[in-house]
Amino acid sequence: MLLKILIINPNTSPSMTRAIGEIAKKYAGSGVVVSAVNPEQGPVSIEDYYDEHLCAVGVLEEVKKGLKASFDGIVIACYGDPALYAAREVADVPVVGIAEASMLMACMLGHKFSVLTILRRFKTAMEEVVKKYGIEERCASVRATDIAVLDLEKSRAATVEALTREGRKAVDEDGAEVLCLGCAGMAGLDRDLEAALGVPVIDPVMAGLKMVETLVACGKKTSKTFTFRFPEKKQIKGFSEILQP
Amino acid sequence: MLLKILIINPNTSPSMTRAIGEIAKKYAGSGVVVSAVNPEQGPVSIEDYYDEHLCAVGVLEEVKKGLKASFDGIVIACYGDPALYAAREVADVPVVGIAEASMLMACMLGHKFSVLTILRRFKTAMEEVVKKYGIEERCASVRATDIAVLDLEKSRAATVEALTREGRKAVDEDGAEVLCLGCAGMAGLDRDLEAALGVPVIDPVMAGLKMVETLVACGKKTSKTFTFRFPEKKQIKGFSEILQP
Amino acid sequence: MLLKILIINPNTSPSMTRAIGEIAKKYAGSGVVVSAVNPEQGPVSIEDYYDEHLCAVGVLEEVKKGLKASFDGIVIACYGDPALYAAREVADVPVVGIAEASMLMACMLGHKFSVLTILRRFKTAMEEVVKKYGIEERCASVRATDIAVLDLEKSRAATVEALTREGRKAVDEDGAEVLCLGCAGMAGLDRDLEAALGVPVIDPVMAGLKMVETLVACGKKTSKTFTFRFPEKKQIKGFSEILQP
Amino acid sequence: MLLKILIINPNTSPSMTRAIGEIAKKYAGSGVVVSAVNPEQGPVSIEDYYDEHLCAVGVLEEVKKGLKASFDGIVIACYGDPALYAAREVADVPVVGIAEASMLMACMLGHKFSVLTILRRFKTAMEEVVKKYGIEERCASVRATDIAVLDLEKSRAATVEALTREGRKAVDEDGAEVLCLGCAGMAGLDRDLEAALGVPVIDPVMAGLKMVETLVACGKKTSKTFTFRFPEKKQIKGFSEILQP
Amino acid sequence: MLLKILIINPNTSPSMTRAIGEIAKKYAGSGVVVSAVNPEQGPVSIEDYYDEHLCAVGVLEEVKKGLKASFDGIVIACYGDPALYAAREVADVPVVGIAEASMLMACMLGHKFSVLTILRRFKTAMEEVVKKYGIEERCASVRATDIAVLDLEKSRAATVEALTREGRKAVDEDGAEVLCLGCAGMAGLDRDLEAALGVPVIDPVMAGLKMVETLVACGKKTSKTFTFRFPEKKQIKGFSEILQP
Amino acid sequence: MLLKILIINPNTSPSMTRAIGEIAKKYAGSGVVVSAVNPEQGPVSIEDYYDEHLCAVGVLEEVKKGLKASFDGIVIACYGDPALYAAREVADVPVVGIAEASMLMACMLGHKFSVLTILRRFKTAMEEVVKKYGIEERCASVRATDIAVLDLEKSRAATVEALTREGRKAVDEDGAEVLCLGCAGMAGLDRDLEAALGVPVIDPVMAGLKMVETLVACGKKTSKTFTFRFPEKKQIKGFSEILQP
């Protein structure tokens, strides 16, 4: 029986979504079918709290569509894991964020990890994500490359160079033993970085996909006991039918 | 010179917005003009992560409108402080959430406070808010009345009874010395509860209003240095002109 | 009806008390009358744990006198908030420390704040204050100017220069987004620093005054439930009548 | 190409090792070959710090043998994860402990998890494991069934009954949303418990196997940068050749 | 050569001071001479923040007298360790508080300790002491007997009964493995409690004496590098010559 | 009556054991007899997790022999405190680790301490020890000299130089006020370092001995209530008679 995994790119940039899909397909296990989509509405890239809040409606709409289409697991492929907890309320199948998945994977490969993020301003948001998951002690640092999301793919060489520079500081100055690529737009660069730095580097799209595959393979679903019960029934004024709870 | 304060109710329920506006007007200082609004789009009440994410677009639209109308300070009047950090990016004037304001006020009146919230399922979200503000040590507990937001105003007697019951447990079992009413829909009930329990009880709408008044009176604005810089310029697909950064 | 606020300067230096009083009057709301006093006994400046302990008797005597004179709220205007918890036991009206007030205000203006203090040796005491209030996560750093309290007013230019130097390091190296002036003797320098550094800077005397004004305006009093009950009745040997509980 | 996973049961009880092996085979992915072994020397069951320390030599010997036999990944199948960090030093392939794997998996299924352990005395050791991994905030509680390891398989009915009793308390009183079976000897009981309690229950052997499978599938290895460098070369007096570093 | 240890009882109650002196003499090592004193001025018992602040001047005066009399080490014998950090500034010889000493001793005898204190209102102060020393994780609980300090010696039977009742709850409900008697007025009751409860019970006067003896025997002194430098030279208005820095 | 203290050096290097014994004898109180031993089996030096796990069997064998020989207290003299919690299960007399003892002693001499350790790779293990004892807040830093254990005694001059260099950084950059020598092989160097750096430096062997002496003098034993109950009765396959529980 085939497992169907839906990967939602909260950035409304089709070229980025295609790149994410390709990475995911590369790592998909046997019998796993991957679909990568992005909402039609929302920011073309996600780089601040404002973008994170405005992408949420589109992400939740894709989650709801994915449930209708009987996907077995869902990945939210933006490193702030936007709308993850809301998506877990909506879904019964497992939903995984790529930040969460990559950090948890890093925990099994070294004592401390660092996250390499995009703009300096987004550092607080990244630190808040680490704190939300309660794993601050395992995080050596968040370091910014100061490259905007859509510039990541413009010059792979420049991106790798910046990641190598900040990754080296994370290892040498902060004590990181594993590095997490902190943006879906960095997917596919892990091998280059490992070659340059000699430490494990986690591709977050890979981590998200493999973690949700694992949960599905184990037959586990999101707990509906308390935090992630289905949303309360009510009217959401001015929103499409599919978004009504 | 008049100070103009905008109070945004993220719940799209006009009767609740009116009640919030009345409380705010009651506490407004001399020379302070208060306007209470709610978005046209979004959930009629906010009771889970799903609602919090779906109300954000409307809240940010009201923030942007408020800035155009030259308000001097903004209050987000829903106890999860939805979209607060995004609103701080958008605004240069001070923006305060009622959860944040009431908890900080409570810190000056007793050693530990408890929050009285609505449905049990929302307890995690409330605890996450406390954690986000980094004041877990001052929070004795979050206790749920298990009353839905829109039921709060249906029977004031039943609401006061449930708040008294949970408030008493917070004091006696958890060591709370101050109580925060954890929903804008509970505004106005602080005196009744104080009479019943003998501890200070914070009306969150009052706290939000007075804290933003104070910031404005001091001439202080949101720091634009790092976390709360203005949103990055980019296209937000499918969103109205006013929401483009 | 007039609100009467008492500001107690724990340093027994009348020139400093006068300066504090002037700042407070500048920020006092309409209908608010401010009195600034200092004890007759105690250290001329407070710069170590020894001073903090020796100033306490005088501070508590002024609190007791203030209650007899029917003040509506009290501010303790020394950045270690000496005797604050004891004063809260003695008083029923709200009592606020300027450290506490300025840090809580800072929390609403940026994600992290730093405190600029006096002598390097006092850094531990400042860090302990942050820890006592349970807001370590919001504090980026405490940085010392290494200027003694009574030297702060000798050369305003030198003081502003040192504060600017350490403030810049706090922003650039520690990630501070808001700065707190960590001594009542620095009151009035916030605007100069804001101009130099471009981040909000909190005058602690202003913060203390406005926070207690807010509490009084809201009709809130210190919780007498548990931690801050009135002192136990007993003999305090060798102390004046007014200090007997 | 086949992936070879070694599962080491630190308890020297062959019947338990067989049961562990069966569970692991049930969950092994396509192309994954699992071998379950236990050391010849060491405690027949692991129930206190003394046992944990005495099993370590045997565990490390099995790790070394496994590396010689070219296993691609190793699981330590005792819920205290004994000798895990030492094993990571010795190995270049990924090594996962079942406590670690199950707790990380639980983090993706609910906001808080509880661990159901064996004897009450072992509660501290379990809490120390949670603390070592830095995820205390996600752990609602550790609850003891007070059943000894080797008694777990004597009466499956009694074991399920005790787990159900403590699991229910974890959910109702501690707020757990996911439960981790805190002993390899409880492997295979997750479905019974899920049926009884309605929350996801993690079989730790399953979690350990699937997590190491995932790491191997991703081509990731333990970081050798800092904490987990290969052991220093030196003489280990009185130990067999294979244990010399 | 004789070691001279000064024990300062911050409570101005000579009968209590005598009892403390007797316990200390019982435990004093060979060659150790103990003197127990109390200030002439200050509260007859210490039961709230107010008392703690008012006893400080007297305690510091006794510290200064003790230094003049060439004592080799000083113990502050009141469980809130009032004025400890100030005393460390003043002294070059080691100064130990009985709360600190007993808690550190407890850490070597069990994984978690509880403190049995006097009035319920003082619980916060005790918890703050634990927090100040940074050992919250080792503290299972603070439990109040609700007996006032001067009543402790009125009826030994009633005191032992209350301590036994709260001590049992600390062990059974909170997981305490060691108990600290949280008041100098409880000194000498440890054996009775150990007999009743079967866990180690620390007499705080004993702990304070033996810890300072140990520091002196090791030739160690308080660090003067940073936090505990000698007090800054300045005028302390209205205070006796001996208290001038 | 003589007190008999057993000091177990987990490193199987007799010259190191002799040096440890000499230091211990120098500090032993009157009436205290000290014996220093090392296991026959195990690593010649302990420098990584692997060594720590392999030394445990030998350490526990020496503990058991010591109990048969009626020692009154036991010190584990290796700075990672290997097998300490297991030894506490086995013994009824007090057992102290030198890391624990030295850190607790440091807490009474300054606000923050640093640990000077051996190889950089061992830094994580040291930080984990600090965390295990729950005193992270008091630890300014762990700094590595990068000298291997057995090289420490090769050149005392080089060792003192490296310790002085790292100790100075700990004081100047990390804010340490007390230094702990983080290896039994550094015993005896505290005075040299104090002379060079002007801060208290703790010899860990001295600290371990004096702390266990103190516990014995106070008549206190390890709590057997919960965590440190005697090991469960069972077969330990392939181990000598003395190691059977």
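First chain written, first letter: the chains are A, B, C, D, E and F, and each begins at residue 1.
Methods note: contacts are C-beta pairs under 8 Å (C-beta built on N, C-alpha and C of every residue); 3 or more make two chains touch, one makes a residue touch a chain.
Worth saying up front: this structure is predicted, and the values here are computed from it rather than measured.
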| item | value |
| --- | --- |
| Chain pair among D-F, A-D or C-E whose interface repeats that of B-C, sharing over half of the contact pairs by residue number | A-D |
| Centroid comparison with subunit F (C-alpha atoms), farthest chain | B |
| Subunit A and subunit B: spacing of chain centres that average the CA atoms, whole Å | 30 |
| Centre-of-Cα separation between subunit E and subunit B, whole angstrom | 45 |
| Subunit A: positions in contact with at least two other chains | 111, 123-124, 175, 226-227 |
| In the complex, subunit F residues that touch subunit E | 27, 29-31, 94, 96, 100-101, 104-105, 107-112, 133-138, 171, 175, 177-178, 198-200, 202-203, 206-207, 210-211, 213-215, 217-218, 220-228 |
| Residue numbers on subunit E that touch subunit C, as the complex places them | 12, 40-45, 47-54, 56-57, 60, 83, 85-86, 88-90, 119-121, 123-125, 128, 131-132, 148, 226-227, 229, 231-232, 234-239, 243, 245 |
